[in-house]
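We call the chains A, B, C and D, going by the order they appear; numbering starts again at 1 in every chain.
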Amino acid sequence: MSHNTFGHLFRLTTWGESHGPAIGCVIDGCPAGIPITLQEIQNYLDKRRPGQSRFTTQRQEPDQVRILSGTFENENTGELVTTGHPISLIIDNVDQRSKDYSDIKSKYRPGHADWSYQKKYGIRDYRGGGRSSARETAMRVAAGAIARKVVPGIKIRGALVQIGNLEIDRANWDWNEVDQNPFFSPDKSSVQPWSDYLDGIRKSGSSIGAVIEVVADGVPAGLGAPVYGKLDQDIAAAMMSINAVKGVEIGAGFASAKLTGEENADEIRIDKNGNPEFLSNNAGGVLAGVSSGQPIVARFVVKPTSSILTPRKTIDEDGKETEIMTKGRHDPCVGIRAVPVGEAMMALAIADHYLRHRGQMGEK
Amino acid sequence: MSHNTFGHLFRLTTWGESHGPAIGCVIDGCPAGIPITLQEIQNYLDKRRPGQSRFTTQRQEPDQVRILSGTFENENTGELVTTGHPISLIIDNVDQRSKDYSDIKSKYRPGHADWSYQKKYGIRDYRGGGRSSARETAMRVAAGAIARKVVPGIKIRGALVQIGNLEIDRANWDWNEVDQNPFFSPDKSSVQPWSDYLDGIRKSGSSIGAVIEVVADGVPAGLGAPVYGKLDQDIAAAMMSINAVKGVEIGAGFASAKLTGEENADEIRIDKNGNPEFLSNNAGGVLAGVSSGQPIVARFVVKPTSSILTPRKTIDEDGKETEIMTKGRHDPCVGIRAVPVGEAMMALAIADHYLRHRGQMGEK
Amino acid sequence: MSHNTFGHLFRLTTWGESHGPAIGCVIDGCPAGIPITLQEIQNYLDKRRPGQSRFTTQRQEPDQVRILSGTFENENTGELVTTGHPISLIIDNVDQRSKDYSDIKSKYRPGHADWSYQKKYGIRDYRGGGRSSARETAMRVAAGAIARKVVPGIKIRGALVQIGNLEIDRANWDWNEVDQNPFFSPDKSSVQPWSDYLDGIRKSGSSIGAVIEVVADGVPAGLGAPVYGKLDQDIAAAMMSINAVKGVEIGAGFASAKLTGEENADEIRIDKNGNPEFLSNNAGGVLAGVSSGQPIVARFVVKPTSSILTPRKTIDEDGKETEIMTKGRHDPCVGIRAVPVGEAMMALAIADHYLRHRGQMGEK
Amino acid sequence: MSHNTFGHLFRLTTWGESHGPAIGCVIDGCPAGIPITLQEIQNYLDKRRPGQSRFTTQRQEPDQVRILSGTFENENTGELVTTGHPISLIIDNVDQRSKDYSDIKSKYRPGHADWSYQKKYGIRDYRGGGRSSARETAMRVAAGAIARKVVPGIKIRGALVQIGNLEIDRANWDWNEVDQNPFFSPDKSSVQPWSDYLDGIRKSGSSIGAVIEVVADGVPAGLGAPVYGKLDQDIAAAMMSINAVKGVEIGAGFASAKLTGEENADEIRIDKNGNPEFLSNNAGGVLAGVSSGQPIVARFVVKPTSSILTPRKTIDEDGKETEIMTKGRHDPCVGIRAVPVGEAMMALAIADHYLRHRGQMGEK
């Protein structure tokens, strides 16, 4: 994990700016012989695609992905399988409407990369955020679609569990509900209040934060490595690398500050089939950095979009005080579209650890 | 960052088990010519050392560190400086009292590494937790003492801000208070209530979680790299790699879910000296993964120690249901001793990024 | 350096197969602000391009490179500079003539990847060698064009010094000659005998090996790191990663087996300008893995192309004995086109070490 | 592979200077459950140990290795097995005789690290070469003893094949001879001429280069990865990282420059047992960077020791011209002791690739 590459054995390298000709990625280290279809990658991309409801940005990005390398088509069946070589994916940028950047070109937008990139690189690509654009996350989603297939039997699902002050009622949790509403909410009863609340945010040109929960079922026990290759450490890094994420927690997370040792202990019994069964999952599926076989549960928080219609105080490149307001299309709650991205990052972290564990310990 | 190594250019590799002859580490990539003294490393270790109050484990570990390589003594002044070669540090284990492990040897202690290590390695070193022991963190603290000196002008300080339900009053924050009480609390008014509360926990053989805040001042703008080498991503990984940590946040952290874009924006003005000044620090000093020059602020939560005197349900290696209770010395709130460890991990993450940034962009 | 990525701080990741739609690469970690032009990248590619004389394959690959990300165009001057973000380069494959693979599809060609890839991946992309095609080296050359600009003042040049039994006369060495003949020979007197010899090889459908020498002038002293990050170690890895390379040496290389300590010592004097001056360069510019400031001199050997018109004994996928002959266009001496590739790999290795050294030690 | 760490999944990190209190290493990523004994590690160290004949340095280093972590003793059988955690090995330095460095302290010894380390680090540990001492290779040998056990069925053996102008007669090759003479020569007939020749070198205080060949039998097909993780690339890096090595080759190596495609092709037949059989091994067991199942054959050249009794011209730190002569004990042909080191590096490279391949492709 360094610069623009995530992972050790299953490695994702992404490239591209929001306003260049294309964005893309290279997936290296994928096992050979895994059947994939372009459509299943596209399906995940479509979940992340903007403009699908009034609660996400109205920008239009068809996000049609193409595979440039790393697969082989069976000449009899037409099936695509991975070859074990680098998989290159590309998405052309089509919505590069010529825009007037004169207002933001020399001002530092609070909460954006403008200031810190300028300090780092001494140069600033002011067009659409350049490399800091959330558009990069499309490639994470595409790569995640392949990563999911690397670990047999895993299922990774995400959901939005909080917008502003409005949390879901966990008693209503229903995974089937998640794809039935524009918020990826697992709680049907949250949909109307969230719609009303977000309409207000949207109409006022404001934005609001959110919390996403990602659960990985079927992860085999034994993934992760002490003491700087912990599975939850790498999941934390994975989530924190997503744009606008300001915190991440595993299992009981920050609530464990308030738990006693007795409350926190995930006790073990033998279930009726004679198998070990944990009576709770405060650990979130990770013990001492290694998966226990319980579901992996991670949560992360996405700050409100910095692009809002209310002017904020800032300075310009000449050190003059000024104000800035971001015109144009934006996400009132960018956390919504972070759900498929969080799923993808979970898949990438687990796939990498699956291969790393198999490397060290074999297929016992 | 993989297995037992943290960092890319400033690399820490640790080794050793709690009940072996010694623990140690190798620091690779440290710049040459940095003056260090054994005493300053020891000073940080002494902060972490157990047995300094009734609120930490009564185990006695003098934790005397020795330098085995990587330094050169000026023959005139007697001063030690780093040579740019690997720095090997070692601490002998002295409190390896012969212990009766018969009770825990074949049982899986909830919350410990017993279960997941067994699944991973097919072997379990039941003595004192083996590699999963928090004793490993001593080497982080020692290495952190050197990492702090790599970045000119930085100051890294940590504090305990919450035990159970009891949070500090931030209005009372006083860094000078931190070393004046057994909790590393920055709020004098918290000391008595925390003492009373923890006495209760301790006497009942229970344990409780805690939240630690670490602040790095003087970090130059420009450290960190998009998109998988973000500074906050690596800080999150650093904190999450600490034993018993279940969550980490930067700046406003999870509270940013409830903020609007207007509230969250860290506005910028020009101060009376003509320098840019941020009016708030919800970002925690990191914008788009790159340091802004503001203080870096991170928080992490430490779960309650799993070793408690109340029996918990578990199973043994033969799949039989049983109970377990951990006798002997333990930390009622292991979060206290995590404060110097959190500082060290912050130092390690920043030192690594300082060198990485200098590598890419030079010393502009 | 793992799988399809070369380098640590200046990192090249390549992708693509010879018979897919395109090949490409991602360069990560390049400093920001370096001016580049598409033309200068193209110029190096043109040196490597096949079909420029009768001594290289007659395949036609225009190898027009495009930049997809990582640069920014100055709107006033039109100049391109790097942004510090991943540079994505792509070359479309145009000469994918529909070919009859029926003969080679199920046979293992001696000296090719057929056998070992099949064993590794359980799948074989028989079209044109797939990932093992030397076409991949085009991206090395393109990336090398950028790497050269990372280290101020360096000059990297390569030359062919041996074909079969015919070595150049080093007394005739003239760098200006290298681009004046189809062999990149620095010795004008070698051109006619090499032409005659290679015509014979070519007409008989045979092939022959060669030795390439690459020299880097102006490399600052201090690059490289003990003991597993030695500059010559990474140059050796760089050269050995090129297709068909079977050996690499630095300075006196294998000849140093025959030298005494007295002969081998590169003695030092003060020159007339008062600067240190080495009286010889048996070390090849690297002492104990670290550059000395002398020119870096590396040599590598390229085996004869395995594609020849004389049938060779082999077996097929069913374990039946058979013979194989490679029809079509091929390089009688693939070592010729390896010259610009060797230059590029030298540039990549040095650029990476330049950034790594600057990271550890700053710009002293 | 960076700085002081070799390998990706099976990782060796070494530390220590020749004149510090100890040298050591940490092996990370070793599979759990591998039985090892201290004695088998010691046996390999004893092969490398100096002072065993008049042809190596007379320094006395008992080189007794201790294991500080990463193993678990079966309480019933007393057997040691690896735990999957970092294995820390240490050797105390005992022959640190107080020496007079006044003569070399300010002079740059040709061929040593003095000059390049000074340029790199701005500091020089003049005592015994510091980190550049070949003493570091003891840890490679110790780690190699463990690496050999990671890959089932492999056998790695090395031999000296050339001293100065004197090459072995390959017709006489007998592996059983290697441990019967002080040169690790596989050719009994070479022993007397080499003894006579080296006695001359030794008595005149001179030194001479040598070539070592290392062969790995039983390496499974499929190890290595295109295009920058080639097995031969990493073997080349492994060998080149050894002190004083100036060149490395695989299979036919530099001789392949003179071969035609017909001569070079390793033809394949079916042997009498119905198994594929290569008729030659010009490839040295590696095709397109991936092992073929044939023996891996590598050769490397070791330059003559730079420490000789004849004065050589050099300069001192003040830029004054002077001469230097290295008094004291030295190796007339340091290549001899490089044989077990070369074996160890081969083992480390293969073990790492074995785990990497198993990670990507499983245990098919």
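Please note the rule applied: a residue touches a chain if its C-beta (ideal position, glycine included) is under 8 Å from a C-beta of that chain, and two chains touch if they have at least 3 such contacts.
Computed from a predicted model, the values in this text were never measured in an experiment.
Although chain B and chain C carry the same sequence, what matters here is overlap: shared residue numbers make up over half of all numbers found at their interface. Among the other chains, B has the CA centre that is most remote from the centre of chain C. Separating the CA-averaged centres of chain A and chain B is a span of 27 Å. Computed centre separation for the pair chain B/chain C is 45 angstrom, with centres defined by C-alpha atoms.
Rounded to whole angstrom, the centroid-to-centroid distance between chain A and chain C, based on C-alpha atoms, equals 38 Å.
Those residues of chain C in touch with two or more other chains are numbered 3-5, 8, 14, 29, 32, 84-85, 120-122, 131, 226, 356, 361.
Contacts from chain B toward chain C in the complex involve residues 8-9, 29-32, 84-85, 226, 355-356, 358-363.
The part of chain A that touches chain C in the complex is made up of residues 3-5, 11, 13-17, 20-24, 26, 28-29, 32-33, 68-70, 72, 81, 83-88, 120-123, 125, 130-131.
Against chain B, in their complex, chain A makes its touches with residues 1-6, 8, 12, 14, 108, 110-113, 115-117, 119-122, 131-132, 136, 162-165, 201, 206-211, 221-230, 232-234, 236-237, 239-241, 243, 246-254, 256-270, 274, 276, 279, 282-284, 286-293, 301-308, 310, 312-315, 319-321, 335, 356-357, 361, 364.
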